[in-house]
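Chains here go by letter, A, B, C, D, E and F, matching the order in which they are written, and residues are numbered from 1 within each.
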C-alpha cells in the first residue's frame, strides 16, 4: 500500500523563560537576551504532528485524524496549554524550554503512542517567523 | 546543475462521504463518524504540487510554473472541482475518498505527465488543520 | 466604559448546491454555473463572529470568549458541520444556501442570544477568496 | 483629497494572568478559568494599527508607514515585547490585562502621537482565533 | 432584504518607484527612502474588493462573485499585473504610485461598473504587513 | 544530542525581469511570457532559512535564531530588498533571476556562514502560490 504522511495542526499557549540556574545573570542575559526576563514572557505555540505509514486498505486511513486530535489533546494540550513551562511542567524542571527542547519533549511523549512501523515528525512554531522540527534522528 | 524543488498551490472544492458499501451502517458510523453522513459534506481542498529536478541552464527553470498551473487545471481541477467525489469521479467508484486516497489518486494522475528524472510530491489540505502528503514511496 | 469589539473564529464544513426548484435546469445552470451540480459540492466555511459592547469593568471582558466559543458550537457548528445544507438544515428547505443567505441565517440564530445593547456582525468565508459579511442592516 | 486608511501589522509576545486581587481564588478561577493560572501563561500578540486621513497630495501618503513602524516600535513593542504584562507594565498594575484592556491601552498610548484630524483603530489578536478591536468610541 | 457585503480577493504583481520629478534626488530619497530606488523594486499586491448591497431574492446573491472575478480580471489584473506602474500604466504618468494612490485608482476604475445603490470598498496589501483601504469618502 | 531543524522566516521585495540577452525578443516572450516585460515587474519574496544540527546541550539551541535573523539581514535583505535584481545585484549580471536561481544564490551566500556539520535548506516564495526550495543537492 502507498506510504502517506498525515498531518494534524494543534495549538497551545504558555509562558516560559530561557535561563540556566548554574550561570550568572550576566551570562544568562548575554546568551538569551530578552528571552531571559525573570518574570517570564509567552507564546502561542502552533504544533504540527506528522505520521507516516501505509494506508490501511480497509479504511483508507493511515491514522484516524480524530484519534490523533484526541491523542494531542491528552498528551500535549492538557500538559502544556495555559501553563508556565518552567514552573508547571515536570519535563522542564531541569531542561531549558527552548523551542528545540519543547519539540523533542513533545516527540518523545507522542512516540510512545505511535506504532514502530510509523514515522513521526514534530513541527513547532514559537512565533510566525521562528519554528523548529524534529523527526527522531 | 543544482537540483531544486518547485511548488505550485492550487484549489478545488468538492463534496464527499466516507463509507464502505460492504459494511453495516453501524460499522460505517463507528469508523467514520460524522464524515459518514449519507447526504455528504464537503471541503475546500488546497493542493500543493512539488516537482524536483535540475535547473535547465537555458531557462533557469526546473519546470515552467505556468505550464504546471495548466497541467493541474486539466488533470485535477477540471476533474474534481465542484464535484461529488463519490458520485462524479470514476477513480472513487470503488475507493473510499479519504484525504489519503485522494492524494494518491492525484499523484498517479500527475505522475504520468512528469518526466522520470523528476521527483513528484503531492500535499493536500482537507481542512486548515488536517492535511496529507505523498511522494510515491 | 470603552466600546470594544471581540471576535471569535470558528469552522464548519458542509455540502451544498445552488438552485431554485421553480427554475428549469437550463436557467439554474446559467445562473449558478458549476455551483448547480445536482450531486452537490462543498466547502470549509470559516466563520468570524464579532460582538461590540462596553467593557465590563469587573472582568475586563466585553463578552467571555469561552462562552462565545460554546455558543457558536451549539448554535452553528452542531447545526451545520458535516451537513448537507440543502437536505439536512431546516433553514434552507426553501432558501438557496448562497454564502449571503448562510451568513444571514447564522446572524439571526446568534442575534437571539446576544444582548440588545451589543452589536453583532458575521463574516463567513466560503473559500479563501470569496467571503461575505452581515451586521443586521 | 480622498480619505484613506493605512494599516501596519506588528508583533509582540508576552506573559499574563487574568485575575482580580479583590476576589477569592475560587471566584477568580470560576470567571477566568485556566487564564487564571498563578504562574502565568502567554501569547504571541499580533497587532494592526489603522490610521484614517486624507492623502497628502505632495507625497501620496496618508501617514508614512516607515514612521508608523518606528512609532509602534517605541510605544508598543519596547514596552510590551517579552514582558510579563502583570508585573512589568505599569498600565496593568491595577488593570486586568484582558485582550480588551490591552487594546484600549495601546490605543491611548498611540492616540497621543496621531493628529486629531486622523482616526485611529487598534486590532489585537491574542490567538489566531480570538481578537479584539477598538476605535475610541 | 438584508444588506450584505460580498468580498473577492485577487492578486497582481508589479514594479514601482516612489518619487516626484519636481523634487531633487536628495529630497526624494529623504522622503521615500529605499522605495525611491531609480531602478524600481516590486510587490505582490493582494486586493480585496468589497461590494455592499441588498440580497437579490431571486438568486440569493448580492453580486455574482464569478462576475466580480471577471470584472477584477478585466479592469485591474490585465491593466496592472506584471507591469511597471510608473512606466506602463497611464493613471500613474503624473501620480506617485503609493499604495494609497493605487487603491484610489482601483476604486475609481471599479466604481464605474458597480450600481449606485451598492457601496464599494477596496483593500490593497502592498506587503503582508502594510496595507490600505478606501471606500470613496 | 537530538538533531533538530530550526527555521527563520524573512522578507524582501524586489523588481526583476526574466530574459536572456542572447535570445530574440520573440523567443524571450514565448518562453517567459509576461515575466519578460522589459520595464520589469516585482514581488514580495518570502524566505525561509532552515538549519539542521544537534542541540547544543549548554544552551538548548541548534543555532541562535537572533543571530540567524542578523545573518539573513546582512547577507540577504541588505543585498536584495528594494532592489532591481537584474540591474542592482551582481550575482544576476549574467544569470536569469528565476525563483530557482535566486534560491540557489541565497543558499550559496548563506552556506559560507553555516558550519559544515549543519545542513542548510532555503525555501523562497515568489508569490503565495509559487515557491521553490533547495538544499544543496
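Points worth noting:
In the analysis below, a contact is a pair of C-beta atoms (placed from the backbone, for glycine too) under 8 Å apart; a residue touches a chain by one contact, two chains touch by 3 or more.
Because the structure is a prediction, the values reported are computed rather than measured.
Common neighbours of subunit D and subunit E, listed by label, are C. Annotation of subunit A and subunit F: jointly contacted by B, touch as defined at the top. More C-beta pairs touch across one of A-D and C-D than the other; that pair is A-D. Residue contact pairs shared with D-E exceed half only for one pair among C-E, E-F or A-D, and that pair is C-E.
Farthest from subunit B in terms of Cα centroid separation is D. Here subunit B and subunit F face each other with different sets of residues for the most part; under half of the interface numbers are shared between them. Among the other chains, E has the CA centre that is most remote from the centre of subunit A.
Relative orientation of subunit A with respect to subunit E corresponds to a rotation of 180°, obtained by superposing CA atoms and rounded to a multiple of 5. Measuring from the averaged C-alpha position of subunit A to that of subunit C gives a distance of 34 Å.
Between the CA-based centres of subunit B and subunit C the separation comes to 28 Å, rounded to the whole angstrom.
With touch defined as above, residues shared between interfaces to two or more other chains in subunit A number as follows: 128.
Under the contact rule defined at the top, the touching pairs of chains are A-B, A-D, A-F, B-C, B-F, C-D, C-E, D-E, E-F.
On the side of subunit E, the complex with subunit F involves touching residues 11, 13-16, 34-35, 37, 39-44, 46, 81-84, 87-88, 127-128. Note for the complex: subunit E touches subunit D at residues 18, 20, 31-33, 95-101, 103-104, 128-134, 136-137. Contact residues of subunit A toward subunit B in the complex are 2-10, 55, 58-62, 65-66.
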